Structure formats: structure tokens, C-alpha cells
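Letters A, B, C and D name the chains as they come in the text, with residue numbers starting at 1 for each one.
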Amino acid sequence: MEKIVRVTVWNEFRHEKKSEAVRAIYPEGMHAVIAGHLNRQSGLRAAAATLDEPEHGLTEAVLAETDVLTWWGHTAHHLVADEIVERVHRRVLDGMGLVCLHSAHLSKIFRRVLGTSGALRWRDIGEKQRFWNLEPGHPITEGLGEYFELPAEEMYGERFDIPTPDKLVFISWYAGGDVFRSGCCWERGHGRIFYFQPGHELYPSFHDPNVLRVITNAVRWAAPRIIQTEKCRQAKEPLEEVPPKA
Amino acid sequence: MEKIVRVTVWNEFRHEKKSEAVRAIYPEGMHAVIAGHLNRQSGLRAAAATLDEPEHGLTEAVLAETDVLTWWGHTAHHLVADEIVERVHRRVLDGMGLVCLHSAHLSKIFRRVLGTSGALRWRDIGEKQRFWNLEPGHPITEGLGEYFELPAEEMYGERFDIPTPDKLVFISWYAGGDVFRSGCCWERGHGRIFYFQPGHELYPSFHDPNVLRVITNAVRWAAPRIIQTEKCRQAKEPLEEVPPKA
Amino acid sequence: MEKIVRVTVWNEFRHEKKSEAVRAIYPEGMHAVIAGHLNRQSGLRAAAATLDEPEHGLTEAVLAETDVLTWWGHTAHHLVADEIVERVHRRVLDGMGLVCLHSAHLSKIFRRVLGTSGALRWRDIGEKQRFWNLEPGHPITEGLGEYFELPAEEMYGERFDIPTPDKLVFISWYAGGDVFRSGCCWERGHGRIFYFQPGHELYPSFHDPNVLRVITNAVRWAAPRIIQTEKCRQAKEPLEEVPPKA
Amino acid sequence: MEKIVRVTVWNEFRHEKKSEAVRAIYPEGMHAVIAGHLNRQSGLRAAAATLDEPEHGLTEAVLAETDVLTWWGHTAHHLVADEIVERVHRRVLDGMGLVCLHSAHLSKIFRRVLGTSGALRWRDIGEKQRFWNLEPGHPITEGLGEYFELPAEEMYGERFDIPTPDKLVFISWYAGGDVFRSGCCWERGHGRIFYFQPGHELYPSFHDPNVLRVITNAVRWAAPRIIQTEKCRQAKEPLEEVPPKA
């Protein structure tokens, strides 16, 4: 029997409340669209959590039953409590997958788990973005072709301040003349991390079938292969006989 | 004219004060031995900084004039102020080199910059350790042969919870039956990081010529190639003409 | 329904014919033991191929139906026809998995696919070898603990002339004082490659349950995720309007 | 005293002989332009070698005195003798640097040293290419800004069939809608390899100051740090006492 991957879709959920334009695209929040899509896929079960819930919806109990966490945040990164970031970080090292979307490049959790600033260049004029698929054999690109396009997205451009990805899955072309490493894989501890560029709140990217497919694939790829907490341990007895100290 | 590499040798400096046995090996502290050695090498200038100084000796002014920071801590990792860790972290991303020695694998700065727990297995029975040189062409192994040995060190064994090193320079063999990735290189932001295993306070490893040579080489390797702060920046005008939004 | 992984177990099959001692361990050849084991695992179907068969048993037809090829050779690397090596190489780039065992580190195919010499240090005195598991969450270590041991193997020691592995799964400790990267993963083209150290002809390593488990896991890990031939292709029409040449 | 880096600039040198258009750009061959430029830089000394010379100008004696080899070939890859490719390959593993330019992505030496096909998508309509600098602290980008442009080049587009670069230095944007990993670093054996995209024979890219600067920087970066031939060696006596075989 197939093992169910339990996903928690985290959303800052502020733009949708404040902006009519955003609400027109995501009436119940981006998380509702993403979680809804994941729940229609076989083998996945998704729930949502948002900033303004107690403990941002990420209690110990919730995380203990989360296999993969997706993260979207933008204006309120600083309002995410350090204690919760620490908790999520530990869970990633234990083996939980983490899928960081769009402006999550500046989230505390992204910066904490990778150790870099996540800085980049940006421009929001709604330009065309094309995602080139560098790894047609990678699980994250399953079902995609050589490339796919979004008619309008925010531009994120190089230099992107990240550790060299273990695997670079997408590079994006922008109409305005920029490029970006828009799909990046890492492993930290026992957990897998994927960063995926699209998702500005003013564009309907999370309704796009290719974007949803990538997120779905990424969730499956990032599902834990092991859950194990690493701690320093004394290995008191040597495995081989050691001569006594002089 | 050769550019001078300015090194700050940071030491927790607690064991030396509390323990007669440690003081016998490092009467003025480990930092004095390491900095003293570096100061005798051409092109290097080293100063020391310790935990109990104001701001741990790592003021903004000191860091601004530090090209490479070496770090030794053990019992007091938790006493290093988060604010100072954050400051050092930013300076590493800007391009400063960081050389983490021995028990620094659990220091806040090591964990912060790499994003993993640094957990490992350990045993202290003073067993023989042999460092195998995997990269004879790497600057960090310059002047070393195929391997070198320490007659007695604390054992640090796999699994070591670190991101896959960009370059693995040493693997250690221990008499008690363990192995360890004992010389590891990474890059984060514009900074270079080196982890080097030896240096338990009860063994005279920082008096060993091979250990000192590796530290010297590592300091040279980690010297900044650029100092530049990365921040998110708006690239307002596209480089190419972009059709107006529909 | 589970997809069957079709394995071809390639063996030089010379030692077994010439040496009584080897024949005592592998009466029908190493390939018979390895393929026999794989055929008892769910989802795998293995056949053997050997040097002295026409085209070394690796016809275009055989390769076209091979998902993963395991390779053992030692004294007759130079007798493997370049044309067959080329054929296997192309199939690896197309997506076939390749598992190189023991002395295959000097095989033409290993050197061709990785581009390095595969040189190493060696000693055959039948010393104890301990495999440390660096990646407990990796599919190749599934079912193994922190380490496993072989009572007697040939020593292969660093420096091993290989490209930095994408993932280093095992490091070995030897009684004689050496270490070795004994389980290494790479990707080339669409294919996955695993190198695994044990398997000297004079020791019964391919009867060892842990060794067999690693080979089984490696075969599953290396199974193709895509089979696709990459060729240079003209992308005649640009995707965007390009101004005519001046 | 500064150590001189001895460069051999290898050119197929066919287009220049056959085509008036190419000869107009490179009257004495591309190699003359590249070597001429390198010879005007401090610490470099360059000579040329071409396909139609005996042994393609790459005798054992020439290679023994070459620190870095640059390579340009296009229509005659198949005419480069395998024996010479083998010789160059061995020299790279020994520590010689290799800088592969433009259509060298299909050269025998590039494919041999990396183990992949080098396949890519291409289009020659003379479109604008912009090189984004991902590594402002890397020696290869020294003196360059955030990006530089060529007004017209041949497009090389993803997917480029290469092993994941150790360091990705440039990503290119093309007016026609494509992207490309246009500056890639690897290490194989003791040698360093750099691939750099520009240099179609019909465009004056090797007269461009930024292109020349990158080639100059790459030559300096790829200069040998060690020259050492790796061979399998018997380490007959163990470093530790090993119990006799049972």
C-alpha cells in the first residue's frame, strides 16, 4: 500500500486579507489553492497553517505529523517567532522535506537552513518568465517538457546568494534580460530542500498547471526517507583494541 | 608587495584557566600558540580574541579588520551572544574566511553558517589518529605528504552531520576503529569555511608542526577574494524592452 | 504494478576458471552468486554476461533491455573491446545505471564515464575492513546500521583518483591503517553510477549479506528514471522575436 | 619572483583558411589573437598549436612544458588523433589546466575528461548574449561587473549534457529566449577545467575585451597547483600491525 505523504502548506496569509487584487486571485488564500491541488493528487494529504494561528499553526504536534512543509512568506518574515523557526529547522534536519516558494528566499527558515542571505535582484513589471528544464530525469521535472512559461511574474535575478545547489533543476529566462536559478535542490541533515521561484501574490502562478505540477513533484521528492534525530553521542568503547595511553 | 592576511584567533579560553593539565600544555592559552605561530609566517598577522572580553573581543571594528577568523570553543558555546554570532555570520557572507577547529563543530557560528547540527560520535581515550591527504594539489595540504599522524587525540567519528563538503581534504583513521571527514571546505556567500578536526585541550595538537601547517595553509586559502555585502536590490529598469502588461 | 528492474551482471570470469582457490568460493563464478541473489529480490530480474561471450555478452539487444549493469573485472580490462565500452558508455548517458564493483575501478568503462584514472593504493593481506555509513537516509544504505564489517578484504586506500562524488555513502576503515571512500555516487548524462569497494576474488565478500544488500539497494537506486539520448539539435526558430542582424 | 604560466593555445584552424568571412575577423587565425592577448599579460607566456601540424602541435615535449591548454575546434573534432587526446587527457589528470572554448563542447578531449556527450541546443542567428556573473569573488570573474554582453553570438542552449559543475560562474541570457551555463568549472585528477561559451568563428568574440579577460583569468585560475602522475601503487607493509590471516 502506498505510503501517504502528509504535507503542511504554510502561508503568511496577509496579502490576501489586505489587498483586493490579491484576493481576486486567491479568495481563500494561496494555501487553499496549493493544499487543494495537493489533496487531489494520489498519495498526498495536505493541510494548511498560517502566520496568525497560535504558534503559526506549527505546533510540535503538527510538525511531528508533517512529512513535507511548503513555505510562502513575504512581508512578515520578521514576525515568525525564532522558536518556531528553530523547531522547523530541527524537523528538517530530522528528515522533513521543505519546499520554499518565491519570496520565501528571505524567510528565516530558508536562511537558517542554508546559512546564506538569500539576497537577489528583483523587478516587478509582470514580464514573461521561461523555465528551462535542466534535468529531464529528475523526479521534480516529471511530466514537464523542455521548458514552460508564465506570461507574467516578478523577476528574480542573479546573483542569488545561496550555497551551490546539489542539483540545479531550472534556470529561468526573463523578457527583461535576466536569468535565475529558479529550481534548486539541497540536502541538510536528513532533510531535502527545494526552492522554486514563482508565486508573486499579484499573479495567478499557483493556478498554473506546470507550477502546480512542479510543487507536487517536489513534495513527493522531498518526502522523508528517514526520520532520525542526530545528537552527539559518546562511543565509549572502541571497536578495536587500543593500547593504553603512555 | 604581498598583501597581509589579518587573522583573528578566537578562543573560549576557559579550560586553560580551570585545568592544571591544560595549562601545562597551553600556559597562555591555545590562542597564544596559534597566533604566535601564524605571526611567524610570512604574509600573516594574527591577534587573539577571547570569550570573556567585551563583545567576546569581536567588535565591529575588529571584524572589519579581520580577513580570517579561527574559532575554538567547547564548554561555553551557549555563552557566545547571538548578536555576535550574527555579526560574525554576516562578515563570513561578506567574504571573511572562517577556520573552525575541533570542538567548534558545535559552536553557534559553525551551525549557523552551515545550517546543520554538527553532531558526531566521540570518544576520548587518547588514541592514534592518522590524517589521509585526499587532495595533494589543494592549497590546504601544501607541504604535507600522503598522511600525517597524531599519537593521541580525541576521536570524532562518523556520521558527522554536515552538508556535503565542496572539497573533502582529509579523512582520518583512528586506532579504535573509526573514520572521520577531518578536513572539509565549503563556501557560503563570499566567504570560505574550513573545518579541521584536531585540538582537544588535553593533547598538544596545536604544537604539532603538521597541524600548524594545515592551519596556516587554511588561513591563506580562506583569505577573502572579495569583500562585498549582498542585499536584495530592485533592478527597476529592465535591460531589454518589455511589452506593457495586458 | 511494480516495474521490474532488469539487471545485467557482468563478470570478467577469468579467476574462477584459472584458480582453484577462487573456484572454491565462487564455483560458478561471482556473477552466478550476484545474479542469483538479485533474482531472489522482489522487483529485480538479473542475467549474467561475461568477457568471453561474443561481444562480451553486451550486444545492442542486451543493453537495450538492461536497466542496470553491474561490472566486475580485474586482469583483463584491456581485453574489453573499445567498441563495447563505447556502447555501454552511451547507454549509461541515456539513463542506464552502472554499479562498479571492486577492481572495476580500473575498468575502461569506469574510467571512461568518470574521466579520471581510478588509481589508488592497495595491499592484499586479508585485513579487516569496516564500512561506516555516512548517509543513513540514502536508499543505498537502507537496512544497514551505523557500520558493517568484513573480516578480510583487500585494502584499497586513498588517494583514490576520482571526481568528487555527488554523494559519499561509505568510508572504510582498515586494520592496517588506511581509509577509503568505499561507496560513491555520481550522475552522468541521465545515468547513475555507484562504486562499491568490496569483492576481491579470494574473499567471499559476495556471499556477505551486507555486501549483497548494498548491491541490491544500489541496483534499485541506479534504475533509470528516464531513457533518453541527448544529441546536439538545432533550435532553428527563436522563441522570442530577435531583431535582424545589423 | 612571479612564476610564469606557460599556455598553449590550440586551434583547429580550418575555418580561417576556407572562409573569407572568418579570415576577415581572424586573418592569422583565432589562436593568433588569443595567444597575442595572453602574451601581453603579466606572468603569462603563450604559444599556438594547430591541427595540421605534426601531432597537432601537441608533442610530448610541448605538453610537458604546457601549464594550461586552451582548445578551440569545430568541424574537425574527428580528425584529432585518439593518441593525442589520450596524451592531453593524461596531462590534465597530472595537473595541467584545460580551457575549452565554444564548440570545443563536442571535442574529444572535453568529452573524454568529463565523461558526458556535451550535447546542447543551438541556433545561429547572431542574437544578443548577456553573461550574468554568479561568482563575483571567483578568480575567473576578476575585473568584470554584474554582467557583460556580446551583441551577436551563436546561441547555445540548455539542456547542456555535462556533469554538474563544481562551480557555475556564468549563466547566459539570449535574446531568442534561451539560457545556458556558459562558464563552468570542474576538477579532474589534479587538473582544472573551464568551459566558456563564446567564440563562434563568424563573430569577433575573441576580440572582445570581456571575453579576453575571462580567458586570461581562466588561464591563471587553471594553472597547475601540482604536477603529479597518479598510478596504482602497492602499499605492501601496513602502517599498523595486522593479525595474521586465520
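As a convention for this text, a contact is a pair of C-beta atoms (placed from the backbone, for glycine too) under 8 Å apart; a residue touches a chain by one contact, two chains touch by 3 or more.
Source: prediction; values computed, not measured.
Chemist: For the chain pairs A-C and A-B, which is connected through the larger number of C-beta pairs in contact?
Modeler: A-B
Chemist: Fitting the CA atoms of subunit A to subunit D, what rotation angle results, rounded to the nearest 5 degrees?
Modeler: It works out to 180 degrees.
Chemist: Do subunit C and subunit D face each other with the same patch, meaning over half of the contact numbers show up on both, or with different patches?
Modeler: Here the answer is same, because the shared fraction of interface numbers exceeds one half.
Chemist: Roughly how many whole angstrom separate the Cα centroids of subunit A and subunit D?
Modeler: Going by mean C-alpha positions, subunit A sits 36 Å from subunit D.
Chemist: Provide the C-alpha centroid distance between subunit A and subunit C, rounded to the nearest whole angstrom.
Modeler: Distance between chain centres: 34 Å.
Chemist: Multi-chain contacts only, two chains or more: what residues does subunit B have there?
Modeler: Residues 130, 136, 157, 159, 164, 166, 174-175, 177-178, 239-240 of subunit B touch two or more partner chains.
Chemist: Answer with line, ring, star, complete or other to describe the graph linking chains that touch.
Modeler: Complete.
Chemist: Give the list of subunit B residues in touch with subunit A in this complex.
Modeler: Within the complex, subunit B touches subunit A at residues 89, 93, 106, 112-117, 119-123, 125-128, 151-152, 155, 157, 159, 161, 163-164, 166, 174-178, 186-189, 230-240, 242-243, 245-246.
Chemist: Give every residue of subunit B touching subunit D within the complex, in rising order.
Modeler: Against subunit D, the touching part of subunit B is residues 95, 130, 136-139, 166, 175, 190, 224-226, 228, 239-240.
Chemist: In the complex, go through subunit B and note every residue touching subunit C.
Modeler: These residues of subunit B touch subunit C: 130, 132-136, 146, 157-160, 164, 166-168, 171-174, 177-179, 181.
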